[in-house]
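Shared between the two complexes below is chain A, which has chain B as its partner in the first and chain C in the second.
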Partner chain A sequence: MIDIIFFTLAIFTLAGGIGTISFSQPIYSAMSLIVSIIAMAGIFALLSAPFLFLVQIIIYAGAIITLLVFIIMFLNVKNEHLPKEENKNIHLTLSAFLLIPLVLVSLKAFNTLPLKSMEIMSGDFGSIKLFGMTLFQGWLVPFELISILLLCALIGAVVYARKEDKIG
Partner chain B sequence: MANSILAYVTLAMILFSTGLVGVIVRKNIFIIYMSIELLLNAIILLFVALARYYESMDAQVIALFVIAVAAAEAAVFLSLIVVLYRHKKSLNCESFTILAQKDIK
Partner chain C sequence: MLSVSVVSINILIALLFSLGAAPILVWIERRVAGFIQDRLGPNRCNIKGIRLGGLIQSFADMLKLVFKEDYKPSSIKEGFLFSLSPVIVFVCSYLTFLVIPFADDLHIGSETFMMQALPLEFGLLWFLAFAGLSVYGIIIGGWASNNKYSLLGAIRAAAQVISYEASMGLSLVSVLIIYGTINLGNMVDYQGQLLFGFIPAWGIVLQPVAALLFVVTAFAETNRTPFDIAEGESEIVGGFHTEYSAMRFGLFFVGEYVAMSASSALIVTLFLGGYHIPWLNTAALQAHVNVIFVAIMILLPFGSYYFARWITKNNRWPQVGDIRNKEAAWLKKILLIVNILVVTLLGSFLLFGLSDDGVNISVAALQIITFAFKLLLVNFFFVWVRWTLPRFRYDQLQDLGWKVLLPLALANIFFTALFVVGFGV
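For the complex of A and B:
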């Protein structure tokens, strides 16, 4: 049963990823990316990470990709503004073949790990309580640094999006 | 078969390669951004799979940090795209040469 769910989600994830890089209209790519991200949230649930399942759906699919779709619609890109990529599919296929050795080397590295069952864990592994305890006991300084990073990104986005005529 | 870590690592590596191919081949700046999101997602999947394998919550916390960095990146990258598109009226990443030296054409 787990196998069937995993393969279904994996096929959706990969189909979404391939659609993301092969459509020429950005809005179709964004829709494919949403499919890929939601299928990956399901895989997180299979890996006993219910909190990350929620975070993936709410923050990734709900906030980041929605922002991206807003920007794509807001720019109102015409077809003549899109870059011309005539041999795009041939280039994509060729470079995918070139990356096969990278995948094989990584798989060989992970193949040395001892086999272990990866069933869904009972108990509260991955729950919000355990997650928060780990976050605030062992990772407090990185957490504060991330909040400073988000503040800097916010200020940077406001500065860039301001009406100006100095750049260029 | 889905009970071994190799299935998850294979999926993450194939997704990472997909994103890398997109970053290298495509010229549309939006699709380059989405390919970067695919790369980050593949790494998050690897972290979560390893968290389950070693039964440790630390890797899941790192995955959350990666998501937060992706959110910060989205804000800055998308506002940059808006500014560049207003000036160049193009989404081709080869036309964004503001930071290059003037004598290199």
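For the complex of A and C:
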């Protein structure tokens, strides 16, 4: 049962990813990205990480892609504005074939990894409480550093967006 | 067998409170709008004289929407997305309702059931997730309509959700600090306590600022006036649903009411004590269930008597053959039958005594009724505000979101945390 759900979600994730790069209309790409993200959230849920599952939907699907779509709509891209990609499918197929050696090498590398149990963790793993405790007890300094990094990015954006004060 | 029936009853109750409430909410909306604007509102639609104060009009409207021509303008290229977007709005709104607890955990025999349609622990996050997703319906619909007004509506909806979701999440953080749990059921349990021994420890008492912030952001999240700039019929025709008609529009329409009902349910759960009758938490209710039965047996006939008199006074027509006179007679008969049924049922409970399971089930039923009553009141509040306040202008809305609500939410978190840590509550 879990295998069926996993494969369905995996197919949706991959299809969404392919859609993101192959649609010519940007809004379709954004929609495909949402499909991919929600399917990915489903995989998190399957791996008994309910907190990541919901946060993935709230932050990525609910906020970040909304912002992305907002900007795409603001630009109001019409079909005639888009570049004509006549041989797109041929290009995509060719590049997929060209990637085969790389994929083979990574598969080989993957096979040399030591064997570990691939069972889904059970019990409290990934629950909100345990997640928060681990994050704020074991990883407090990295967490705060990342927050400061985000704050810097935020301030930088505000500085760039602000109009220059007129002098004199 | 038992678990299947309890779970299906829970799902049915969720359906009833969300989808089933939609026609009633439409009726309340139109009648209240009428009274606020000093007119009567729709009250003539009837089936053989039965009007129920205009409630039949909602069903007539719904039938009209279902049987209308399924029209799609030929200018629309993205037919699939055009049809998909009302479905997204409706499904997401409905999913948000599934995690609301209607009653305390029900113990039957050795089994325990969470009284919500989806027995999840992290109900609050689930609500936020799907409330955020439902805006995609509006965005995609507005974009697929291939119409500048629709596109403007969609852009406004996207901007509004981005600016108000942050405040909504932050207002909930301070609530979480107080309750110390993310489980909606446990939050309601917490609100069953008494503050200083006589004030119910409801969220609105403990966190008035968070309650205010959440109510405001919930209005924005459900696109209700004064935050309905995505629709803004005085500025951009119909906003995102300009091109929609028939049942595609119907799904948007019903979805809005379902979302409103879900937001009201969350407001009740977080701030208004959830399913608790004031001063009576579940344990007290179980201990004194017989007293409650006696109280209902006395109060119900009295209330019904005055209600029947009100019907007689307001639904009397001078002509003998007037079909509307029959309605009053019918309603009074139904009222009488309901009274007899309830009183005999409760009387037999009192006479023969209830087993532990019976007490638990009747307490759950009482709590569901309490929850429904509170839900109705908050829904009424939504309607009341809609017909009282005018719509915000777009820049006012962004100013309010970023310059007032967000700093207020952050300050509230800071002071709440300071208080909780400082006093070790």
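Methods note: the second predicted complex is superposed on the first by the 146 of 168 C-alpha atoms of A that agree within 3 Å, B and C clash if a C-alpha of one lies under 4 Å from a C-alpha of the other, contacts with A are read in each partner's own complex, and residues count from 1 in each chain.
Everything below uses one rule, namely that a contact is a pair of C-beta atoms (placed from the backbone, for glycine too) under 8 Å apart; a residue touches a chain by one contact, two chains touch by 3 or more.
Computed from a predicted structure; not experimentally measured.
A.B. asks: With both complexes superposed on chain A, which partner does A:128 reach: first (chain B), second (chain C), both or neither?
C.D. replies: In the superposed model, A:128 contacts chain C only, not chain B.
A.B. asks: Touch test for A:6: chain B only (first), chain C only (second), both, or neither?
C.D. replies: A:6 contacts chain B only, not chain C.
A.B. asks: If you stack the two complexes on chain A, which partner ends up touching A:119: first (chain B), second (chain C), both, or neither?
C.D. replies: First partner only.
A.B. asks: Looking only at contacts as defined up top, I'd like to know whether chain B or chain C touches more of chain A.
C.D. replies: B
A.B. asks: Touching A:139 in the superposition: chain B (first), chain C (second), both, neither?
C.D. replies: first
A.B. asks: Of the partners chain B and chain C, which touch A:51 in the superposed model: first, second, both, neither?
C.D. replies: Both partners, chain B and chain C.
A.B. asks: Check the residue A:39 against both partner chains and state whether it touches chain B (first), chain C (second), both, or neither.
C.D. replies: neither
A.B. asks: Scan A:31 for contacts with chain B and chain C and give back first, second, both or neither.
C.D. replies: Only chain C is touched by A:31; chain B is not.
A.B. asks: Contact-wise, after the overlay, does A:62 reach chain B, chain C, both or neither (first, second, both, neither)?
C.D. replies: A:62: touches chain C, not chain B.
A.B. asks: Using the superposition on chain A as set up above, list the residues of chain A that contact both chain B and chain C.
C.D. replies: Touching chain B and chain C on chain A: residues 51, 55, 63, 67, 74.
A.B. asks: For a test of understanding, state which residues of chain C touch chain A in their complex under the given definition.
C.D. replies: 81, 120-122, 125-126, 128-130, 132-133, 135-136, 139-140, 143, 151, 154-155, 158-159, 161-162, 165, 169, 182
A.B. asks: Write out the stretch or stretches of chain A touching chain B in their complex.
C.D. replies: 2-3, 5-7, 10, 13-14, 17-18, 20-21, 23-24, 26, 29-30, 33, 36-37, 40, 43-44, 46-49, 51-52, 55-56, 59-60, 63-65, 67-68, 71-72, 74-75, 77, 81-83, 85, 88, 91-92, 95-96, 99, 102-103, 106-107, 110-111, 113, 115-119, 121, 125-126, 130-131, 134-135, 138-139, 142-143, 146, 149-150, 152-154, 156-157, 160-161, 167-168
A.B. asks: Given the complex with chain C, which residues does chain A contribute to the contact?
C.D. replies: Within the complex, chain A contacts chain C at residues 27, 31, 34, 50-51, 54-55, 57-58, 61-63, 66-67, 69-70, 73-74, 76, 127-128.
A.B. asks: Would you pull the chain B residues touching chain A in the complex into a rising list?
C.D. replies: Where chain B meets chain A, its residues are 1-11, 13-15, 17-22, 24-28, 30-31, 33-35, 37-38, 41, 44-45, 48-49, 51-53, 55, 57-58, 60-61, 63-65, 67-76, 78-83, 85, 87, 89-94, 98.
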